[in-house]
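Below you'll find the structure I mean.
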Amino acid sequence: MTNARHDFCDEELLADVIARLIGEVRHVAVGNASPIPATAALLARERGHGKPYVSLLQSRKYNFFTDGACELFDCAGQGRIDVFFLSGGQIDGAGNVNLVSTGDYARPKVRFPGSWGSAYLYYVVPKVILFRVEHSRRTLVPKVDFISAPGASAKNVYRPGGPIALVTNRCLFSFADGRFTLASVHPGHTVAEVIENTGFDFDQPALVPQTPAPSPDTLKLMRETVALQLAEVYPQFARQVFGVGPATLTP
Amino acid sequence: MFQPAKSIDDALAAVTDGCLLVVPREVSGVPMAATRALIRRGVKRLHLVALPTSSLQADLLIGAGCIATLETSAVSLGEFGPAPRFTAAVTSGAIKMMDATCPALHAALQAAEKGVPFMPLRGLIGSDVLKYRSDWKVIDSPFGNTDPIVLLPAIKPDVALLHAPMADCFGNVWIGRQRELATMAHAADKTIATVERIHDGNLLDDPVLAAGTLPGFYVESITLAERGAWPLPLPDHYVADAEHLAEYAVLAATAEGFAEYLERYVYDKRAA
Amino acid sequence: MFQPAKSIDDALAAVTDGCLLVVPREVSGVPMAATRALIRRGVKRLHLVALPTSSLQADLLIGAGCIATLETSAVSLGEFGPAPRFTAAVTSGAIKMMDATCPALHAALQAAEKGVPFMPLRGLIGSDVLKYRSDWKVIDSPFGNTDPIVLLPAIKPDVALLHAPMADCFGNVWIGRQRELATMAHAADKTIATVERIHDGNLLDDPVLAAGTLPGFYVESITLAERGAWPLPLPDHYVADAEHLAEYAVLAATAEGFAEYLERYVYDKRAA
Amino acid sequence: MTNARHDFCDEELLADVIARLIGEVRHVAVGNASPIPATAALLARERGHGKPYVSLLQSRKYNFFTDGACELFDCAGQGRIDVFFLSGGQIDGAGNVNLVSTGDYARPKVRFPGSWGSAYLYYVVPKVILFRVEHSRRTLVPKVDFISAPGASAKNVYRPGGPIALVTNRCLFSFADGRFTLASVHPGHTVAEVIENTGFDFDQPALVPQTPAPSPDTLKLMRETVALQLAEVYPQFARQVFGVGPATLTP
């Protein structure tokens, strides 16, 4: 159905892909301004009948922290956060992420907001899912100009965590042993197109599968249940993608 | 025992040119009314520590020329896009940027809170965040076997500036879940708070309220500032003024537009 | 989402023989009902960390033969005199004593809370407390000039056991000002709480209650135990049973008297 | 009036002595089971019209801490506690205190409760006042069997704090440069008696002054105002020494 019109939108596909990556865990934390990962986490929780714990850091309702801004990081340091999401102004083939700047650090060409918690969480959260919708040679580069957090570390460096995958608008890469492997290409996209738009080298199997489309059940769950929960934190997104208002209104 | 400030300008006297000032993240109660007062007074050469990130507050202070050094983990207007004055100042080299990562700033403030010269932190090794912080050290943990770990020197602010829902006439400030505000106050030499309202009675007399209270012992001054976080949100009290922030994002995109914003919303005392 | 314990004995299953158990100081809510249940079950070889001190709880567990190692800064019955079973066990060498000082235990638990292998602490140098703690290290601070400072290894308890005023059916526990109870729970693998009452609704829904709440995320089990700190006090709820403690001090002065106390107040379930 | 009968009791004299030692400071903290230092601190606060802050760790009312059991120690580490009180099962001439045991540490003759916070607070609180009512060769020894906290430290050891004085039922010693000096002898006691009952060497001036008796104003303040505040925390002591009940009752 690659060239056929879909009965789902990109956001729904990506959320479904990420929900599968989350898998069976206890606690998923989602940072600010991440509506698609938030959708995925809430979807995973609905499928798990209330498990995993989902912490949406932007939300009061879906955020149990009571010990101040450092509790998220303490919690991760305790090994109590299993999945987190990171993006990057640049991401390279070694899994390094750049959230700081391009060009010379002292006199940058482009300045991004900053590293946030990446220089810590990327090391200690077992499953970090890289998420960058824009899949281009501008964002996926041979080598980042600034390493906010490295994709891998020397053996003697304390590192229980790190990247497991990279999700873009075109495909899913898995990450292991310091390299990305093309795991699946999303419906409507091709391997040639992925290669064309990726600035770093990656491995690929002889036959690259297509990313499975979200099942009708999954779409129903997202549109009827998750969408309403999402509306509290991401009202605009919930309205645009799912056409629903805040949870108090029923669609 | 406690003298409430006559005016916000009196209250801010401790924020002198060149001092080390620590302020909280957007959701923890950002003292925007006090920030506008500092800009009107024309404070200069601040070393601003935004714990651990900032949005409008840092962008305003940078654009108004109040900042010499910025130490934080990120500055962004969130859904309203990049922080324009921050971006311009860093790319032009107008301010000294000390890039950090969130838990490193929390740990450095906690070191001062605990009276220790440093705190250890995992992560960081192999990052350029560490590479460009010559003030951070890496040691081999004496409890491990070639186990490198980063040590962060204590950050001891001259002043902690915060905005909270309420205080009482004994100087006690109710901060609720925003525990990092207590860490800021413990770490800083002086703490200046603006609050939405004055609580009738002593916050420490009620065990439930006391659990979320920063004792007046740590607080230098308190000033009443209704909607003192505007246009930023005060959790559980009011949301961000999205329309205003959108307007800011547009105006601040250029130096001229930013100057116009200052005229309209900062220098014009009626809007302060 | 949360399963309340069927009985206190079910709740205490995680406190296995030989485990590392952390308990709070007298004024922070000592789980005495749970302690009596552990003695009835005959738990053995505990490594007990009393944060940072203890009174009746440690003395009872020691006298009943539940303790192999005791790590704390002091054990005393306060105005009721020395802790007799503690004193007897240490002078006879029946337990391994790891003498500490209060802030060192707080720092070591905070190290586990923060996921770092150690925490630094001032003081201690030149004391025999440090001399007899081969697990504590002294380094030259890399931020000073021949500035020695002690590093304390993280204490990661298997179980944190505490008593609090209330919890809700989501596993959230209201601890108020007793913040070290949160540190214990963050540092420990599992946290077991007994509470005076079950709060109707979700403690996290009210910002004022939430400020003093330990989230259920950290809590393994909750058991209702009215007057669960008796004969010790629960601040803001009930005072110590002075008469009972005086009786304990007299009985526990001898092994025979202590055995009589256990019979009357511990093994006899009606009194539990 | 050394041999005359006094119109004040020992507790009142000692509290007055300690209140003078406290001097002009911002914050005095008093540990558990210390009614006489607590009397002195509250007396100092009455004289200072509400200053210094007085933290009675055993009290809810006179204790502002809201950050758990570690706040006292953090506060001291910040340099925000100016005066604290320590005692000892043994105290020696170098100002070392022993709160742990006598004899061999591994198999002690006598075991005391433990070091409490002494191994930290003795280093960081500028004015530590040693207080031990029993003045005998059993308590004031040539050398302690266990150093819970040393009286002095090497120059390169971080030590903004330490002992300034030792108050007993017989006299007041000042402490400086690692040694005690007999500062004054209490009414009814003699220098010879102090020497006789002290196990360590100490310096003394040619003429040892007598500890001044509490003034009528001081006694009035203690008995009418301080006693009522004290009754909340030390009801037995307040009743025995000042003959008053809890603050709700007026004398």
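A few comments on the model shown:
Think of it as A, B, C and D in the order they're written, each chain with its own count starting at 1.
Following the convention adopted for this analysis, a residue touches a chain if its C-beta (ideal position, glycine included) is under 8 Å from a C-beta of that chain, and two chains touch if they have at least 3 such contacts.
What you see is a predicted model; the values in this text were computed from it and never measured.
For the pairs C-D and A-C, the count of C-beta pairs in contact is higher at C-D.
Subunit D has its Cα centroid 60 Å from the Cα centroid of subunit A. Chain centres here are Cα means. That of subunit C falls 29 Å from that of subunit D. Between subunit A and subunit C the centroid-to-centroid distance comes to 41 Å (mean Cα coordinates, whole Å). Note on chain placement: the centre of subunit B and the centre of subunit C lie 36 Å apart, centres being C-alpha means. In subunit C, the residues that reach two or more other chains under the touch definition are 114-116, 121-122, 147, 149, 177, 182, 210-211, 235-236.
For subunit D, the set of residues that touch two or more other chains comprises 65-67, 73, 77, 124. In terms of which chains touch, the assembly is arranged in some other way, matching none of the line, ring, star or all-to-all patterns. Chain pairs that touch one another: A-B, A-C, B-C, B-D, C-D.
By the touch criterion given at the top, residues 107, 114-122, 137, 139, 141-144, 147, 149, 151, 153, 175-177, 207-212, 235-236 of subunit C touch subunit B in their complex. Of all the residues in subunit D, the ones that touch subunit B in their complex are 27, 50, 53, 64-67, 73-80, 124. Taken together, the subunit D residues at the contact with subunit C in this complex read 32-33, 60, 65-71, 73, 77, 99-101, 105-124, 146-150, 153-154, 156-158, 236.
Note for the complex: subunit B touches subunit D at residues 1, 112-116, 172, 182, 186-187, 204, 210-211, 213-218.
Those residues of subunit B that touch subunit A in the complex are listed here as 24-25, 28, 51-53, 72-76, 78-79, 82-83, 86-87, 90-91, 93, 99-104, 106, 110, 121-132, 146-149, 177-183, 235-236.
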